[in-house]
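This is the structure, below, for whatever I ask next.
Chain IDs A, B, C, D, E and F follow the sequence of writing; residue 1 opens each chain.
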Amino acid sequence: MRPSPIAATVDLEADGVRHGFLRLPHSRDDSAWGSVMIPLAVIRNGEGPTALLTGGNHGDEYEGPIALFDLARTLRAEDVRGRVIVVPAMNYPAFRAGTRTSPIDRGNLNRAFPGSPDGTVTQKIADYFQRTLLPMADIVLDFHSGGRTLDFVPFAAAHVLPDKRQEAASFAAVAAFGAPFSMRMLEIDAVGMYDTAAEAMGKVFVTTELGGGGTATARTAGIAKRGVANVLRHAGILRGAVEARETRWLDMPSGDCFTFAEDEGLLEPLVDLGEPVRRGDVLARAHPVGRTGAEPVAFRARLDGILAARHFPGLVKAGDCVAVVGVAD
Amino acid sequence: MRPSPIAATVDLEADGVRHGFLRLPHSRDDSAWGSVMIPLAVIRNGEGPTALLTGGNHGDEYEGPIALFDLARTLRAEDVRGRVIVVPAMNYPAFRAGTRTSPIDRGNLNRAFPGSPDGTVTQKIADYFQRTLLPMADIVLDFHSGGRTLDFVPFAAAHVLPDKRQEAASFAAVAAFGAPFSMRMLEIDAVGMYDTAAEAMGKVFVTTELGGGGTATARTAGIAKRGVANVLRHAGILRGAVEARETRWLDMPSGDCFTFAEDEGLLEPLVDLGEPVRRGDVLARAHPVGRTGAEPVAFRARLDGILAARHFPGLVKAGDCVAVVGVAD
Amino acid sequence: MRPSPIAATVDLEADGVRHGFLRLPHSRDDSAWGSVMIPLAVIRNGEGPTALLTGGNHGDEYEGPIALFDLARTLRAEDVRGRVIVVPAMNYPAFRAGTRTSPIDRGNLNRAFPGSPDGTVTQKIADYFQRTLLPMADIVLDFHSGGRTLDFVPFAAAHVLPDKRQEAASFAAVAAFGAPFSMRMLEIDAVGMYDTAAEAMGKVFVTTELGGGGTATARTAGIAKRGVANVLRHAGILRGAVEARETRWLDMPSGDCFTFAEDEGLLEPLVDLGEPVRRGDVLARAHPVGRTGAEPVAFRARLDGILAARHFPGLVKAGDCVAVVGVAD
Amino acid sequence: MRPSPIAATVDLEADGVRHGFLRLPHSRDDSAWGSVMIPLAVIRNGEGPTALLTGGNHGDEYEGPIALFDLARTLRAEDVRGRVIVVPAMNYPAFRAGTRTSPIDRGNLNRAFPGSPDGTVTQKIADYFQRTLLPMADIVLDFHSGGRTLDFVPFAAAHVLPDKRQEAASFAAVAAFGAPFSMRMLEIDAVGMYDTAAEAMGKVFVTTELGGGGTATARTAGIAKRGVANVLRHAGILRGAVEARETRWLDMPSGDCFTFAEDEGLLEPLVDLGEPVRRGDVLARAHPVGRTGAEPVAFRARLDGILAARHFPGLVKAGDCVAVVGVAD
Amino acid sequence: MRPSPIAATVDLEADGVRHGFLRLPHSRDDSAWGSVMIPLAVIRNGEGPTALLTGGNHGDEYEGPIALFDLARTLRAEDVRGRVIVVPAMNYPAFRAGTRTSPIDRGNLNRAFPGSPDGTVTQKIADYFQRTLLPMADIVLDFHSGGRTLDFVPFAAAHVLPDKRQEAASFAAVAAFGAPFSMRMLEIDAVGMYDTAAEAMGKVFVTTELGGGGTATARTAGIAKRGVANVLRHAGILRGAVEARETRWLDMPSGDCFTFAEDEGLLEPLVDLGEPVRRGDVLARAHPVGRTGAEPVAFRARLDGILAARHFPGLVKAGDCVAVVGVAD
Amino acid sequence: MRPSPIAATVDLEADGVRHGFLRLPHSRDDSAWGSVMIPLAVIRNGEGPTALLTGGNHGDEYEGPIALFDLARTLRAEDVRGRVIVVPAMNYPAFRAGTRTSPIDRGNLNRAFPGSPDGTVTQKIADYFQRTLLPMADIVLDFHSGGRTLDFVPFAAAHVLPDKRQEAASFAAVAAFGAPFSMRMLEIDAVGMYDTAAEAMGKVFVTTELGGGGTATARTAGIAKRGVANVLRHAGILRGAVEARETRWLDMPSGDCFTFAEDEGLLEPLVDLGEPVRRGDVLARAHPVGRTGAEPVAFRARLDGILAARHFPGLVKAGDCVAVVGVAD
């Protein structure tokens, strides 16, 4: 495979703090010799483990970019042992557009791995992480939130993995993150995910869902900022002890967690995030909007638990995931 | 002025429950003899006052449409004395598109009054309310929320008016609505608003802001449903007593309530809705997103109060209203 | 009112055949000093009446432009007594785009009269016809068809007018046209129409609907070509006798001619154009398309007659005119 | 190859009538966890052959969806022996948009076979038919019409095949369909077609072209409804005898059937569908539209036969197929 | 007329240097309480004349904005006597989009005067200049260039005016500007222009055309920077003497200066800007692009002079101005 | 690999002059059986070498198409020995749209080689040149200019090649072309280029950059017309001697030739094309446009030479190439 067309404008190996870019040449109608410039910061202080910290894998999820732009600006080399590589907005074109996928190629970065150096812009970004940045890392923290169309109770998460030592290390990092909820995820279809790429290399991999709706709040941004510091402390990269927080563990044991819509309509939620639900409860209703007087369609819980995620926009379309029930320990 | 091109497909005067449409002929490329069909319900039972209930004045605000589609479907004529006219989605093209303004003409209905029978689709809708529906009403309740780009603490509101009797009647209806907050609004620029059109005819006019972000929650939808029933009871149209709720009164005394951005960036909120703030507090910061390491811009409160509204999307642009501070009684 | 910004590039008064343009300056992003160039032909031979012949008033109706581009190319001055002004595509931007309305301003030219020299491009075109071309004419023939979204049995038509002498002259010209059907139209809402503008000046005005669907057939194009020659012969401008054809007269006596949809769906026609129908007959059905197994909605005739027009696209939306029943003599 | 991401929401094997969906997960900006929901009906009654009936392979062709939504709603299990699988709108996103290709990925489903489980939405649909539904079928009927841009005389058709037994069975099914015309097709470039995929598995495969222009008529919808019932009867799945109809057989023996445009212009047809033509006849002309007075370009027949298909829109572009001549037996 | 909705964020009257904005509230789908923020600088030092300096009247013309952003940053209050108001990008939305007209309303600001406080965004900007800024000014310099679609020899210009004293003062300021060319313009259609608005108030008004094509060069940017300083010196506002430069005076005496295209094609220029031409010379040719081998159309000069402006893009459309010949003294 | 779907409508081998098309079938929403028609001329006179002449590889570069449409129209068979194949606009959809890449698939033809017969429209064009036209050629001349977003000093160029005999033959053809500048190019990333495809087959390959900005001038069009004639004479295909011109040789020795922007802004050039520069010189500045008073960013030369290319549009974005310095002999 040919080398990545992406080049870092700063040295990823040198000691100190460096602010630069991943420069990705991108010839297009409005710039024949243009490039996508993905901001990057590297903080290094001698030997030690490397943490790779990413946000903006989806462009409309904000807690990660807030925590990471803030961290990149304030972290001093002397606070660190080893290396911190910060890419606050991985799918930078999507982040600038405020959309889940890239406005250039409509690529969903988290389904584009392992990527390709000859593919679309999104595939080129995936390939660079796959072949250049992930191999440098010992621990990987990738921030997600619900984006414009989903909303979550705030949690950090790791996957159930075949290598139980790797799994245990990942859940330990999740616990260190200290979000209000912590999730054990069993991914049904992991093809193309950044998570899968990192885990297949044996990395400790932590992800999150910290809210959603295409916004952030003071509360969720605070969870993200505290969480990333905790993970770096847990990894021995940042000085100081993990700031311990209580968390509530959740499982998503099967496809019955999910309720999908078969009809479009105006969504009336009847349960809010974090509230307990029982199997058969009506979680929400969709009112037909073509005329008044028509009966709404009910969406029900398929198992007992708490409402962990929900469709965010006021209108729902056939095929949308309306609700996710998480099963508490 | 020539007659409105809009016609109701049901009799607005007859007793009983009628579900129909306001049909607005709209010739266009994809339908030469097409129409906009705005759902309408009329519930009448003999003599008595008329309430005109509207949602979807802006198309991305959902608590009103939820409460009104629900009410239109469930209200029986025998529960009523007088008449209830329900238009759950006034700017119906905007509502179907999930956008503040109309996808047909980008019209902001709440700046289009008194409208025109010869104008754009949005102006024709305004004109029909101005000349046909508003004159029929004794009390008008128009639901708003923040829409996709603003978020509010939930309140019902009325305007400070020159006619103090009318003002008092309006605030009494606000109190009956029973939202967690109640707002006394002094509109600085009221040109083109539906509120102004109704108030100029001497109507009792109640409006709301019940959340935002382009979604609704079980909590805010519940406030809307309870509020509309309370207003109808207060008006003597619906049987039964107002279901009293505690409310907290707020004022927006001057332009100092508003904080506007002069720079674009990634918005990090530092205060959440409903929290107390003091003049000079940093409410939020905007991180420059072109590179890491750059200093954020601070947005500060300009008076003491509580955070009553905020910019919702994760990115902020120059000129956006970042925050509104309400002054509590 | 200031003069029209439109100028003809050829002399409208001189004898002979002239091919030129109506040049309308149009400054825009892709041409700062650009213009809209509307093709125009003038054929004159001494004194005599003036016929103003137009097509493309709506840009997706083709029988008129075919007949008029053909006529403009083949008509010789010596065949004529008086003057023929031919504008085969009035709303030329719409005609080039193949759309009912102008791609520049979405203007429906046939609702833009009397127009304005300071308005949109479409309004400027209307104003030029209103103040320059219509006053030159004795007889006006404006070709229409159904366009992309309607289909008609082929007819020529004139309006019922207060001036019965003008009305009779118009119907005589309709009869001369010799389409398979001839229609007596009672326009309910004539505001903004070219027809109204011409009739208000006392002109003999003939219009047509010669098919539709955004296409033309050999049969309908033939009707148009024969019709325009017949009208010119009838007016004494073209040599020779009217080529007589049998026609069937239709009326559209009331709003009951029209059947509108209140639901969207997949349209299944049950009656074809020109077939007889009786009040209550199901003319078409709309199948819901969100799922299989749902009941279709029936659209019924509201009076006896023949099916004179129908919705053309395979999908129907709420508010579309599904069918028009014409009442035969 | 990994399993298809598409899942049927109903059991394809159980007896009785089931209305459900093919659910295709589709993460996108306006629904992070959204899906495409393709309506599906399965009617089964014990052992017997399986017919796979499809429409909407191209989204702007309507006779097939009309016949199949109608059939799916009305067919009772007790009328059937074996199984009928009905997908009235294969490329459902295209069907909802009323376009030939998918609005999601601009995919032409009939050029996407064998598809891929990792590809675009259109490729995923092709893959599901290739690997799941086609293997279940004994006989396959796929409805086509001309769509928005072509118009055909109504015919059912099958391909000349290397396996003459399979070919004979297919032509027998075409004859049973009973359209006014029947076509023997020799496909020059069969790469990517659904037809080819089915035929390569040895299935009896019948297709149609039943009109076009993006509409349906009572006549053509009737042909489709009668045809599908006849094919099911012929296959022994539906009770009763084939309702015999006269048909006229046509061939498309070579590339000389096709006339392509090398110039753009306003299309004037001189021959209508079904009319006889002789080699050298002018079938249509294109009038230049930039100015009046310019000579039209003639499009001529290249062999004797009848006009079997034609370009539908009123404007023609360079490269468009203007006409197809079929050779009658 | 109601007050302008635009407010300056800085004091226009105070001494010193102030950088701020004209804030124009603009409610829209992506910001319910958003604003357009037009950068503004005011440099004042005591009593003296006021110069109003503007660029970006059209958004794709760059010499003016370059000179004015540079001037606003570097001018010190102590260098000035009186006041300099600098708005480097009047139609700021157009300037940010790099387009002639506003992306919000497609408004051409230089055809929007006198504007309206209730109109579109572009009309509101015009109204603010008309009623607030122009009345403050003694001398007005408005920078133009050719934009993306035209290219000019660099000149400053003023209009022939009925008030000969005002005209003389204006031409004196043009001479002071010191561009390579200076133009005496006789505006044929001055309706809606900023020039006209300023001149009607009796202001000394200077405009320019300093190149084009949607770019700037070191040479043309230098002309703009020197020109604005010279005009301020000439007006007695900036210290120091006018830096004299040789200029060549041109006239545009009639419509024969302009050559318009009646055909589209690939434009081959045969004369370059500034070269002498004689009546009848072929200035450029348009090659038809639909096929090879077709004859090009010639565009000829209609009088003697020099080539002063030309169509810039490589393709030309019917109606475009291909060339302007200026008549040298 | 299957055969190309593209077919030439004229014989490429026969003697004489033929004007035709490369017809590429392209089924799409607006033409189910449509095609892309790429104009082509073949001029042949007996045995002799074949020159393949192309323009419009990028659709917004005009000198090549001008020279080649002109050549194709005027070249007579008797002037030639051997064969000249002329494709004035290779990426014809891009050329008609006036954009660098194809409006159909956003394909950059010069990054699409070797292409594919099953791929996008752009990939099909590449495949046809790769497998059909390039193998026929002895010498290949492919015209480029800067397009809308870059501007160059006018040069012809060839690549430094491993086969020094091929390299020498190529540079000899460059010298014969006779542009004001001649460039020795060392391509850093040659993947997907037409150049690479031709050179890998051992062809003599000449390319150019003859200006830019999306326009042509009389001067640059003249260079192109003279250059192509010279190359044909040099190859012994066209009669007559090469018209010798002085040229200046340039090198682009390393990545230090290029200056990229890391910030967006309003671009102020300080050096013009062709001017000498020294390492460290400020070539241009970017003024921040969000407010007045902010400091511009400087872009500096990284080695000594002349300014050979520059960013053309007035605004610059992060990642754009701002300037290229060429090193003169």
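Everything that follows uses one rule, which is that a contact is a pair of C-beta atoms (placed from the backbone, for glycine too) under 8 Å apart; a residue touches a chain by one contact, two chains touch by 3 or more.
As the structure is a computational prediction, the values presented were derived from the model and not from experiment.
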Q: Tell me which chains count as touching both chain A and chain F.
A: B, D
Q: Write down the chain pair with more C-beta contact pairs when A-C is set against B-C.
A: B-C
Q. Which chain maximises the distance between its CA centroid and that of chain D?
A. E
Q: Write the angle of the rotation needed to overlay chain B on chain F, where the fit uses Cα atoms and the result is rounded to the nearest 5°.
A: 180
Q.
Please tell me the distance, in whole Å, between the geometric centres of chain D and chain F computed from their C-alpha atoms.
A. 43
Q.
Centroid of chain B to centroid of chain D, CA atoms only: how many Å?
A. 49
(Q) Roughly how far is chain D from chain E, centre to centre by C-alpha average, rounded to an integer in Å? (A) 58
Q. When the centre of a chain is set as the mean of its C-alpha atoms, what distance in Å lies between chain A and chain B?
A. 35
(Q) Where in chain D do residues touch two or more of the other chains? (A) 21, 60, 262, 290-291, 313, 318
Q. Looking only at which chains touch which, which shape fits best: line, ring, star, complete or other?
A. other
Q | All chain pairs that touch each other | A | A-B, A-C, A-D, A-F, B-C, B-E, B-F, C-D, C-E, D-E, D-F, E-F
Q. Hey, which residues of chain E end up touching chain C in the complex?
A. 58, 60, 99-101, 106, 108, 111, 146-150, 189, 191-192, 258, 260, 262, 311, 313, 317-321
(Q) Which stretch or stretches of chain F touch chain B in the complex? (A) 262-264, 290-291, 318
**Q.** Touching residues on chain D, where the partner in the complex is chain C
**A.** 17, 19, 21, 39-41, 60-62, 65-66, 69-70, 72-73, 86, 88-89, 95-96, 98, 151, 213-219, 221, 266-272, 275, 287, 289-296, 312-315
Q) Where on chain F is chain D touching in the complex? A) 2, 5, 9, 21, 23-37, 118
